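I'd like to ask you about the structure that follows.
Going in written order, the chains are labelled A, B, C and D, and every chain counts its residues from 1.
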């Protein structure tokens, strides 16, 4: 079982069906079984490039909204990881193999569910505080961690998407998930105290987590031929 | 022919097919002919309520980003109109007739194309300047004006959506469109000079206008049974 | 005794010496006694014009960050009041009498304490949530209300600053203070519940209120010959 | 002569007296001659710690507002440098030597000119676009580079502030100045074209650069006993 902290555990529980729809989406199952058609995967990957650009902007916004030096540093590390590892290695390499240049990637038209998700996260930072932004960022980061771990166990060694699975099941990504989980817990404690569940904010944050989860489901829908 | 200024005329032209898809959408034609089923209209109206809340937030953001007292005042007037006229009269009344309370409206789940559109507009303000925000706000305001005028001419007097058409074809709404068109032209001139087309900014603004237009098309799609 | 709600009462108490330094500043006493030299008053008024522009932007930002239609409407009313009454009537008239055109006002160089105060308020909205922004906005709005009431009682009828005093002691301004106080209380309850004092957020908000109060003291310092 | 690009050269020229007041401030001359009293330097350093926190937030905001992956990466590198080198090494070490813990630093009350400067920069990002933010960020980054180079040439080897001078005259800092200068030029060209001086935006950006320079002068004033 993943151990990404207390907030995640409770908000994940509250997200119920939406969390299931996200982490057990047919796209995810297609990756697990290796049956997802390659063109569908490429459609996803191309949209994911634009997604990561805006997701990275949202983590940078978290640096702007952090309340301590430690919070700034934690968020800044995520910005780096996204700019270097994910946007750098994974995407550019995989896309290059498929004949997609960075220039071509930058020209891709963002699909509506992509716009919806990333701009919702950014608006969580504009309209709310650090916690609102984190609650909207969490489902993607931690959901991929959970999916990665499960698929690493449940997929065959010759799975055509083994590299993708290994990225999210890997130590580096899992370590960053644990760190984000801790950031979430400490940020909530620092602002709402030891019994955050007693405040209306807790419910709002949980709802925001669910909403972002719902938007993740829409995003998987882009992985179609 | 509508006369909403020079920027609008050129950006509308550049939006080409997207502008056509937006202003001649089957939903719009259904209203014009009076053939749109009432439940489809209600689905639209309910989403439009949430839309207007966020659209109003975006106009308030324009007050934050304005460069002169006049720009602040112009944007603030739009915030007022939205909070009072559209969110107040039109929606609350029409929805009340259909048995929808304001409380019920506030609980409605935002559809993905709705989230995409409004948060894209708000992010235009977060990522860009006053012009970026205006370019993203313009297609909705001015497109409804154009649609209103056309439908007022082309629809039958006993059209079941006559009230909706009259709102957007009416003097008050048309006057605000003219004002927004002038605001656009003067704001662009104030920042980019007398030959804004010579700057890369112009192309970016035009693209943003087109993107917002494309998101409008997605929004009409919510008006289904 | 002013009755601007519970949050104000407690945060004002916590601001202690800073609140005293602000509301009993020698500039305020100079107005009360009518001994403040006219040029000092004009220096203040000219800076106050720039202040109100940015203060108005901050209230518009509160519309962007509000959580309910009622909160949006309350903040939007304040934007209107500032744009019309204060920036419109009071300043333009008083400044016009003194030979200052709106154009001249717009060219005035903002003093450092003016920049510090207004941008601190705006950054409270950027870095925090609706409550952070309100906590930074409150000392100015409500402090002027408290000062107005006291000076109306304690100043002579022929005080040369009678008009200024009457503005802030007047029914319209006092009503808006009561409304802002209620907005504060309801916004806090809506987010932090019935025992907001139990959360770390409460202390942070109180500190922010004190910081804004301290910046008000610096602003009065601009009212010198 | 420093070579930080074309925009810097022209905006620096336009800042005229303010630029001189900033880079030849008596605090700077006190460092150059080694006559600045140690307590004055510590007062500066303690405020500079808070300054760098907010300056770092502003660079993170630039990541949010960037228009290309390269712009994001350039701004993100500056965030890292600030979080690690300046906030990490320089300050923590120097402050530790002087008996100031990070906890003590975090509790220091921000002086008004410090608030004014950093929040003005952040508001440049909130109210404007990427260029506005860069124009407000540039005087600090590049001015320190210019000062560092001059003082390295004009100060004695046994200067008590040799370490401070070496930091800003050093290769690493100078390289980051050159990069920021290039970022400025390319960002302006990308948005305003090859003749940015022909647009009103250019004048506004130059004014913003001057305003930030003026606020730097106020900041040096904190370096007093």
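As a working rule, a residue touches a chain if its C-beta (ideal position, glycine included) is under 8 Å from a C-beta of that chain, and two chains touch if they have at least 3 such contacts.
The structure displayed is predicted, hence computed values, not measured ones.
Asks: I need the common contact partners of chain C and chain D, sorted by label.
Replies: Chains touching both chain C and chain D: A, B.
Asks: Looking at A-B and A-D, which one has the bigger number of contacting C-beta pairs?
Replies: Result of the comparison of A-B and A-D: A-D.
Asks: Report, in whole Å, the distance between the mean C-alpha point of chain A and the mean C-alpha point of chain D.
Replies: Here the centre of chain D sits 34 Å away from the centre of chain A.
Asks: When the C-alpha atoms of chain B and chain D are each averaged to a single point, how far apart are the two points in Å?
Replies: Centre-to-centre distance between chain B and chain D: 42 Å.
Asks: How many angstrom lie between the centres of chain A and chain B, each centre taken as the mean Cα position?
Replies: 32
Asks: In chain B, which residues are in touch with two or more of the other chains?
Replies: Where chain B meets two or more other chains at a single residue, that happens at 57, 64, 122, 126-127.
Asks: So in the complex, which bits of chain C are touching chain D?
Replies: Those residues of chain C that touch chain D are 57, 112-113, 115-116, 119-120, 122-123, 126-127, 215, 218.
Asks: List the residues on chain B that touch chain C in their complex, please.
Replies: For this pair, the touching residues of chain B are 53, 56-58, 60-61, 63-64, 66, 68-69, 72-73, 76, 79-80, 83, 87, 102, 106, 122.
Asks: Quick one: in the complex, what on chain C touches chain A?
Replies: Listed in rising order, the residues are 64-65, 126-130, 132, 190-193, 195, 198-201, 204.
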